[in-house]
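Labels A, B, C and D are assigned to the chains in the order they are written; within every chain, residues are numbered from 1.
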């Protein structure tokens, strides 16, 4: 069956993302849904490099580069200026990585959400500081290897759980937030298109597989993203005015199916995988309960 | 609430003087003592430094007399106006200065300015100041109050007038 | 070639398409399509991170100037009609 | 129409008259009454602007950068800790060549905690590519805000500027200020409409990555902007004078320097007191003058070189200390004087830090010391003034 996502491309080829880069797809699908009347603000991250050296630009929409922690503030500034100039029919987007969102950019993000800035903030989550060479971030999952959580001889890895940015954003009572996956472009585009029509601050959490960072073969990028949904490691859902709605139940496969493709988890023992499984199951139950109770 | 030093500065300015009014700010907390300074001159005031030897001192709360040497630096022959309870005798009145007293608290509460427990004496005390100080007239103070008082304009003006009448010099 | 300070804008403002960067040079493996097996499902087009696949009557035509050889199209193709071939081999 | 107002209100009126369009506001003592007044202007409709209550000073500047890139005239205000928190994005704003105008209420840096005047926060930003205009009174604060927008937005300049107002001595001191007529300001300062701005439908990336083989040319261009700002400021101030009938002495405001033997160099509100002291000393027969640094950036290099060639002694008062060989202003003034064919004796006085009052008496003693030093040379080139524990008495 032919695809149901828009055909028009808003990215030029020649961007310098690694082969199999999930973040390229996150941008590609997002712009397909939002269209030409979009302005994107990008802080320091992989995507600040991808458009290429000046004067190269791989986006067919205007792009504002900002300082690392400033995305939340930049989209507020952009929207204020556009509103002041009476330019209405344009979507302002903050597009940042996980470190730039949950760590250094969290303060500005929270400010923008609290101010109900009329913008969409999309976090492409490759679960570590990838542009600087795979250092752990607050969004790196429990159990993962990174260059700053080395396994080495002491069987080390990241022992803190991944920051739940969706819960943090929900605490800001924003009108719409959603998780999206590059393995489900139709669901991805549908949610972005829905977000586009909503007034106020909207947040989208996109899982963005990273072959070098996750220590995996680039060809598995989509498969891994798909398994993240099927094993409930990365559930697909949206929250509209506080109500949770799961949009993809997934096949409910064991977590090991997801982990096995990724070298960053290859050191984990059976018990450790079991610990991840328990955590994922608990999280999934909570989510289902929330959907049930409509809160 | 209108600031006393602003009423004074504005009054003098309306009379054609050059003025400079500034508070000594520390950590502002409700009830904590603050000091405000005002310079009045016939030519532009270029000195931007604190006032150490004032010609006039105004004490808006007599409880300050206990803790603070309010007369510190007051020039020989200078004048001090103290918001002091009516009928209570002012102690250690020094012959070196002119002492004026006014129960601004009573006047303010009589005109319903501020709350009953914490009347605001700012405008009343300025009425008293016009009596003490020969530079600034009562009319200019009243006009300044009308201009600056955000609310209860007439009550503030009436309080200042009455305060002017009830301000008396106390001889040692 | 370095541009003179008189030719450049006040601050770097990029307005020329990134197509000047030939990322096709990065490839180690190259996707080869067997049009006969293709079921025109467009999955390859959909999942290509670099939008380097054009559909001609529904059949993928890979833009080898930009394809980085990640192999996603080959892995995801339901009909298995895209095979990854080492660069330089036929 | 003249009325009595604080330096902070003078800033707010300057911003209103300049028709700022996007204001990012984060409070910090002693700047708060600026952003409060602006909030009133916007709420009452007196100022057609978008007011963004940001959650930090870093975000205040980041929001201004974004809004300015989209073609809006922006404004923010801060002080000490907030200004230094902005350091990264101050450099960003000048690198992006955005003519943002900001008020900095100069206040001491912590620790120790202090809410009083000190120039360390402003001096610490001398390398950010921002113009820095120190003011000596509230009228100058208002006027310089309007002048700055015009200078910054000039085609050959396109750099940001900060108007520096001493904490409390200006920010909270009420004095008469003439608030010019809006139509006159509109004739002087037209609406901001940059050639290049970010707008929907135009695929342009603002602030891209640049390789080593192209970076210097951008930085060189920014240097040219700062160089152009020097002359442009003088021209714009004269235009301002022709419309509003007043000026504030250009970039280096020289007072009675023509035949001066000893000159005091300083910046900010202390210069206003120094004017009085110069007159007093002159009345007693000594030839002294005042050279007030209005602009620390663009630095009045040629003006200092010229002045240095004809005075015996130059006392440079730094109201900050930056852990260099001497105060920052002293070092730069001395560098300018070094290339003059005649070099005066120079001495650096570190004074007034953390709100310490610089009284007329202290200034008189500095002049007296400098008159001696300019004859006999100084034992040490840097002296800290009015520090308890040091032998010399200043009060």
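Definition applied: a residue touches a chain if its C-beta (ideal position, glycine included) is under 8 Å from a C-beta of that chain, and two chains touch if they have at least 3 such contacts.
Predicted model only: the values in this text are computed from it and were never measured.
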Select the chain whose centre, defined as the mean of its C-alpha atoms, is least distant from the mean of all protein C-alpha atoms. D
Of all the other chains, whose mean CA position lies farthest from chain A? B
Suppose each chain is reduced to the average of its Cα coordinates; what separation in Å results between chain B and chain D? 35
In whole angstrom, the CA-centroid distance of chain A from chain D equals 43
Would you kindly tell me how far, in whole Å, the mean C-alpha position of chain C lies from that of chain B? 81
Roughly how far is chain C from chain D, centre to centre by C-alpha average, rounded to an integer in Å? 54
Which parts of chain D, given as residue numbers and ranges, touch two or more other chains? 202-210, 214
Can you tell me which residues of chain C touch two or more of the remaining chains? 12-15
Full enumeration of touching chain pairs: A-C, A-D, B-D, C-D
So in the complex, the part of chain A that touches chain C is made up of which residues? 1-3, 5, 9, 11-22, 24-25, 28, 51-52, 54-58, 63, 182, 185, 211, 217-223
As the complex stands, chain A meets chain D at residues 36-39, 41, 48-49, 51-57, 59-67, 69-70, 72-78, 80-85, 87, 89-90, 107-108, 110-111, 114-115
For chain B, which residues count as touching chain D in their complex? 5-6, 9-10, 13, 18-23, 25, 45-50, 52
Contact residues on chain C for chain D in the complex? 2-5, 8-15
For the chain C and chain A complex, residues of the former touching the latter: 12-23, 26, 40-43, 45-47, 49-52, 58, 63, 65-66, 68-72, 74-76, 84
